[in-house]
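The same subunit A turns up in both complexes below, where it pairs with subunit B and then with subunit C.
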Partner chain A sequence: MRATWTLIRREVTAYFLSPIAYVVLAAFLLVTGHLFYLTMTSLTARGPVGIEWPMRGLLADERFWLVFLFIPPLLTMRLFAEERGSGTLEMLLTAPLRDGQVVLAKFLGAWIFYVLLWLPTAIYLPVLLHFTDGRFQIDPWPMATSYLGLLLAGAMFLSLGMFISSLVRSQMVAAVVSLVLSLGFVLAAFWRPEMDTSGLTYRLLYFFSVPLHFSHDFTRGLIDSRHVVLYVSVTVFFLFLTVRSLESRRWR
Partner chain B sequence: MIQVEHLTKYYGDYPAVRDVTFFVERGQVVGFLGPNGAGKSTTMRILAGYLAATSGKATIDGVDVFWDSVEARRRIGYMPESCPLYPEMRVVEYLRFRAGLKGLYGSARRKRLDYVLERCWLKEVRRQLIGTLSKGYRQRVGLADALIAEPKVLILDEPTSGLDPTQIRETRKLIRELGEDHTVLLSTHILSEVERICERVIIINKGEVALDRSLTDGEATGRLEEVFVQITGAE
Partner chain C sequence: MSSFHVLIRILGLLGLMAGMVGTIILVGELPTFDWDTLRGAWEGQYGNWVRGSAYAVVVGWGIALIVATLDGLAALFRAAGRRSILGVNVVLQVALAVVLLVGVNVFSFLHYQRWDLTRERVFTLSPELAEQLRQLRGETTIIVYQLRQPAARLTAQPPDRYDLAAERTVVEKVKDLVDLFREFGPQFRVVVLDVEEEGYDRKLAELVRQFPPLDGAIRAAPESSILFCSGRHVQRMGFSEFYRLDKSASREANDGRGNLVLLNQGVETFARNILSIEEKRPRVAILVSHPWLSTEGQVEEYTLAGLRKSLTNHGFDVRDILTNKLVGRRGRGLRLERAALSLEESRLDRVEAQLSAVRLQLIQNRAEVERFRELLDLFRSPLSDEQVSDRLSAMFGRRLAVGPEERAKNIRNLEERLPEIESEIAEKERKERDLEAEWDSLQAQESVSEGQRETDLYKKLAMLLSDCDALIVARMTLIDTSIGDVVPNSLHQLDEQHVRAIREFIASGKPLMFCGGPTNEPPDNDFFARSGSGPDGLENLLSELGLVLAPQAVLYDAEADAYATNQVLAFGRGGGIESIPALEFTETEVPTGAVWEGRETRPNPLGQALLLVQRSAGEPIDLRVRYPRPLYYRPRGVQVTTAASFLQTIRACWNEDNPYPTEERPIPRFDPPKPDDPKRGTLHERRRGPFPVGVAFEARLPASWHRPEVGAMEAARFVGWSPIAPGGLPTFFAANAVLPADWGVSTPQSEERKARIVAIGHGGWFSGPQLSVAQEALLIHSLNWLLGRDYRLPHARQVWSFPRVPMSERELYYWHTGTLLGLPVSFALLGLAVMMIRRTR
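For the complex of A and B:
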């Protein structure tokens, strides 16, 4: 257990020892900051415009998802591909740790960095909640469900990226392939306007389309168990595949 | 201490190691020789638990390296060929991290850390980034890592490649001293080195053991080279 913790700590610090962490952090804050500004503008707008659910302004925007799509692959591309490329994987896997421990530690390391990425956005919340006279003017529950959704959806994208990274030697290939695969969970949302929302196709796409989950449910304070089950089961599935992929070196 | 029985490893259709059998007793320093591509590194990787053999069996201190891999790895200090390290970490950070992975914490870790830094002449570069170290120093970091958890068995894959003559001499002296309380299996291309450090030599050629015998003290220098060329050169 302590060995796993040692590895988690090294994984998290490794992000801060490479420029990628700072680039991702800066780009991410720029985009969320801009969306926050737009949300504030519509919240304070005069006349018959405005926004009903403030978190939708932040998380249901297509621009947000286009940027979000790039983040997990950038965080996960190095996990195994870098170690395999430079040969340090051999050092890591000959240490007395089970493959499952290595996979779990690397995943949690990436996930902790992902949580750190979201942490600065917490300063928007008191403003959005319109915190005056010692109480919230707006319901805080949608914020909680939005963040819950983000933590789980992030885990899903990260585990997918980690699995791809465990298959290849080049970080670039790992990033591009996991980006393309993650698109499958996002793209459907962009076809929305042309679709019959009562049809079977839409219902199927809705099941996999993460942005729709956010715009319909999480940002409105709803926790739909279907989405949670999808995120958790896909995460567990890819963690399992990553362990298998590491083990495959032994029989190849 | 190290028991290898009928070990065979295929990469696809290509047999890298074929039916290798040898034993290394406690406290022995054994030289593992062979031309490039003979299967030395593959055998060592199997022993270190990185690869699995296609067939055969290997145990370290009675623990099977396949069935009880983690326990076996606890008993091994392994230094891979070319010694890959994380360039963005400092020497001391890296060794502390590796000690943690190997289950060493607190005061025990501090003590072992001081010991290996002293032993591998790393004191003056302890705060330096590994990426800025010369090849010789990197090899020493790799060796320090292998030593840190006080393993019973040391498996060193070409520990002296790429070093200058002074460093080779120092490393050689260190390995001889380590041989007093560790069992050492080391591979190398430098035959004179084997003659000086090792009590026994195993020559492997095309995946098979070609020679396995102890080196008597009286053996004339240069004799091993003849034997080596005879075994590996005969086509």
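For the complex of A and C:
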């Protein structure tokens, strides 16, 4: 266990010692800052305009998801591809760690950084929750469910990116391939959004479309077991595949 | 890698390319993207270009999938082949993992749970309602019909940004709610019908094929609506019945900065529409005294056609009942007989009369044709002129002489006239056939044939009212007093039998809406003096329930000014409706004098609802009538705990005993009462406004109405106490001997019966071919209250608005700048610092 923690610490430290993390952080906060600016404008507007669910202003916007799509690939591209390219993967695999522990440690390292990426957005909460007179004037539960959804969805995308990274040598290829595969969970939401919501086609699209999960459910204080099961099962699946991918190296 | 392998991979890539291109083309060309349209594309319904694309999609993606699968399997087996047992084990594990992943998610897709964590459980239905919905059998289709135009206006102002914002928001709320209903399973099918959507006509045609009444419901929908369809039943609910805009509050919100304030009317109305979709539509009987005053009257000023239209559009069935029947003429006037006729029966009488007239005309026309033919034969005959003259003289009974010229002329005239008459006969025969068909169709109606058999007035009216859920009595009286344009009271007078049937109707707990104008008639007028005036049996009946109908009409100061002007300009006509101030809604009791002597009461629920409707409009609603009649609710021996008034006049008016101009007083004006006026200090004292002209109350019915023994006892007691009645004292002792011991104690609460009454002091309130939106709102909300459908009345129990965060401009600036620039720049600088530190180490 100690070795796993050491590896996790190493991974997290590696992020902060890498310029890409700060680039990702800055770009991410720029986009979320802009969306927060728009949300705040709606919350302080004059006349019959406004936003009922403030987190929707942040997380249901297409601009957010188009930027978000890049983050997991950028965070995971180096996890195995870089090690393979630099030749340190064999050293890692021969360490007194099981493959599962290595995968878990790398995954958790990426995930912890992903969580830290979202931490600065806590600065938006005083406005988004509007705490006065000993009470949150705006319902706080949608914030909680939104963050829960983000953590789980992020885990899913990270596990996908990590698996791709375990298959290829080039970080760029890893990033691009995981970006393209992640599109499958995002693009459907922006395709024919005015489709009749009673049909099976829409229900299937809705099942896979992460932005729709947020715009319909998480940002409005709803937790749907379908989304949670999807995120957790896909995460576990890709982690499993990553372990198998690592194991397959031993046969070669 | 072998060249065959390369070739296969290239084939796979080409297939992928073809599939993607085909998909892009299909997305652009097809109106919708579902299995039906895809099948249609494959079959060539959209042209060869689209068909080719469909083939490319299927073949291309198919090849790509096959190649990818084969390649993947080959790679797997290649890897597995190196360590065969381990490799096979891995392949199996991966396959199992895929199966598990798919299986878990399929199960999750079909069996899922949603948790509503919002503070107010916004997305959760009450358990009772959820249980009721779950038990529904049969499919209910909910159609969200988006008209894409703001609802019909309650005022003359055009829709503003508040109306448009409300419409947009309510559409989202409706979609959320129908999604919620979808959670209950396949018995709820939801369809969104957007007039601006591509394929709207096709979708509508398909739905109308399934639900034929839907076509009429959609045509009649004045606003975006939710339609509930099951079998042959369709119910409509406007968006505003779900969320109602409170425009006044929206403008005033956030210290005048504005917001969007909607009044959530609750899910209950929505759910009840579903649960009661197959229930019988409530039937409203409308009692009028003349066909012109009915819903099929042809004269615009008098007809209640608008009333029927509004009621039908809002899910009510309508039955007109006429209380008079035309039986002949008296001098220059008509002779009427008391009756109880449905419109169909009245129509039957009319058809019978028309049929008789047509048949008489046919007999006459045929006789005329016979005669003309006889004459033609005579004129054409070889007889001499003298012989023809003799024959003509015998036919017509006077000496006639015709020469050759006259014979020829007569032949020509007769030959011209005969075809004309024959054509008239053909036309009349056609009319006769149509009338006979109409007569047969009316006779075939059970209600008509039963009604014809019943001659007893009371039984007839009771039968017509028996399957009605509410009764409206409309009595138009004063129209323009300046020229004596008045409908006489005698026309509206009801027979005792009528009143008895109405009493029993109310005693059964059914509600009544009484729209009765003032009964003041022109003084010194023989016609009105002869025909009789004053309160009739119905007004006396209502007074037993506590309704006081003032024997006065309200005149406005503004109207008097208009009178004065028009005396000079318009030959003595009074002012038009535009000179009349609008009435006002109220929820509290209207004071009846300078000193308020009433008690504090709960607000009138109908008044509250109408005030909310007014707030939706953001300004006073324009409802105005001439000569309203003051009404009061003063039940004897009952403490009134809820205000009865819901409609009142403004202050600048007075109650007038004689609203007609006279020689001494050509222009009406308010004269304070004299000190010796007998009405001074009473309810009918001449005074300034405001006056209540609309009351709604739940009356406790007198025990004698529903307990006949009580009525008999009261009668016996009265006789017994009466000094002049025969057998007075013995009757008194006899009555007391059979009286129960607790006689004189009020009726136990468990046996008390109540009925809801709405009274409006004007009979022409709902007249006209079309009701305004404001009139319709008053009508429908009144009826909903009368029928006990209080859940349909607008209320302000749940208020929704956009969340607002109060912030000064300075705070806003720092938040904006800090989050938009401050945070990203901070972390960018942090990164730079870290990189610089790393470089130095």
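Just so we're on the same page, the second predicted complex is superposed on the first by the 250 of 252 C-alpha atoms of A that agree within 3 Å, B and C clash if a C-alpha of one lies under 4 Å from a C-alpha of the other, contacts with A are read in each partner's own complex, and residues count from 1 in each chain.
As a convention for this text, contacts are C-beta pairs under 8 Å (C-beta built on N, C-alpha and C of every residue); 3 or more make two chains touch, one makes a residue touch a chain.
Please read these numbers as outputs of a predicted model, since none were measured by experiment.
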Contacts of A:144 with subunit B and subunit C, given as first, second, both or neither: second
Which superposed partner A:6 touches (first subunit B, second subunit C, both, neither): first
Partner chain(s) touched by A:26 [first = subunit B, second = subunit C, both, neither]: second
Contacts of A:40 with subunit B and subunit C, given as first, second, both or neither: second
A:49 touches, of subunit B and subunit C: first, second, both or neither? second
Subunit B versus subunit C, judged by how many residues of subunit A each one touches: C
Which superposed partner A:62 touches (first subunit B, second subunit C, both, neither): neither
Touching partner for A:17 - first (subunit B), second (subunit C), both, neither: both
Where subunit A meets both subunit C and subunit B, residue numbers: 17, 251
Parts of subunit B lying in touch with subunit A, wherever the complex brings them together: 45, 48-52, 70-71, 73-74, 76, 78, 80, 82, 84-86, 88-89, 97-98, 100-103, 105, 145
Of subunit A, residues touching subunit B in the complex: 2-3, 6-7, 10, 14, 17-18, 86-88, 90-98, 249-251
Residue ranges of subunit A in contact with subunit C within the complex: 16-17, 19, 21-23, 25-27, 29-30, 33-34, 36-37, 40, 42-52, 54, 120, 123-124, 127, 130, 137-142, 144-145, 191-192, 194-199, 201, 203, 207, 216-217, 220-226, 229-230, 233-234, 237, 240-241, 244, 247-248, 251-252
Residues of subunit C defined as touching subunit A within the complex: 27, 32-35, 79, 82-83, 86-87, 90, 93-94, 97-98, 101, 104-105, 108-109, 112-120, 122-123, 161-162, 165-166, 169, 175, 179, 182, 189-192, 197, 250, 257-260, 801-807, 812, 815-816, 818-821, 823-825, 827-828, 830-832, 834-835, 838
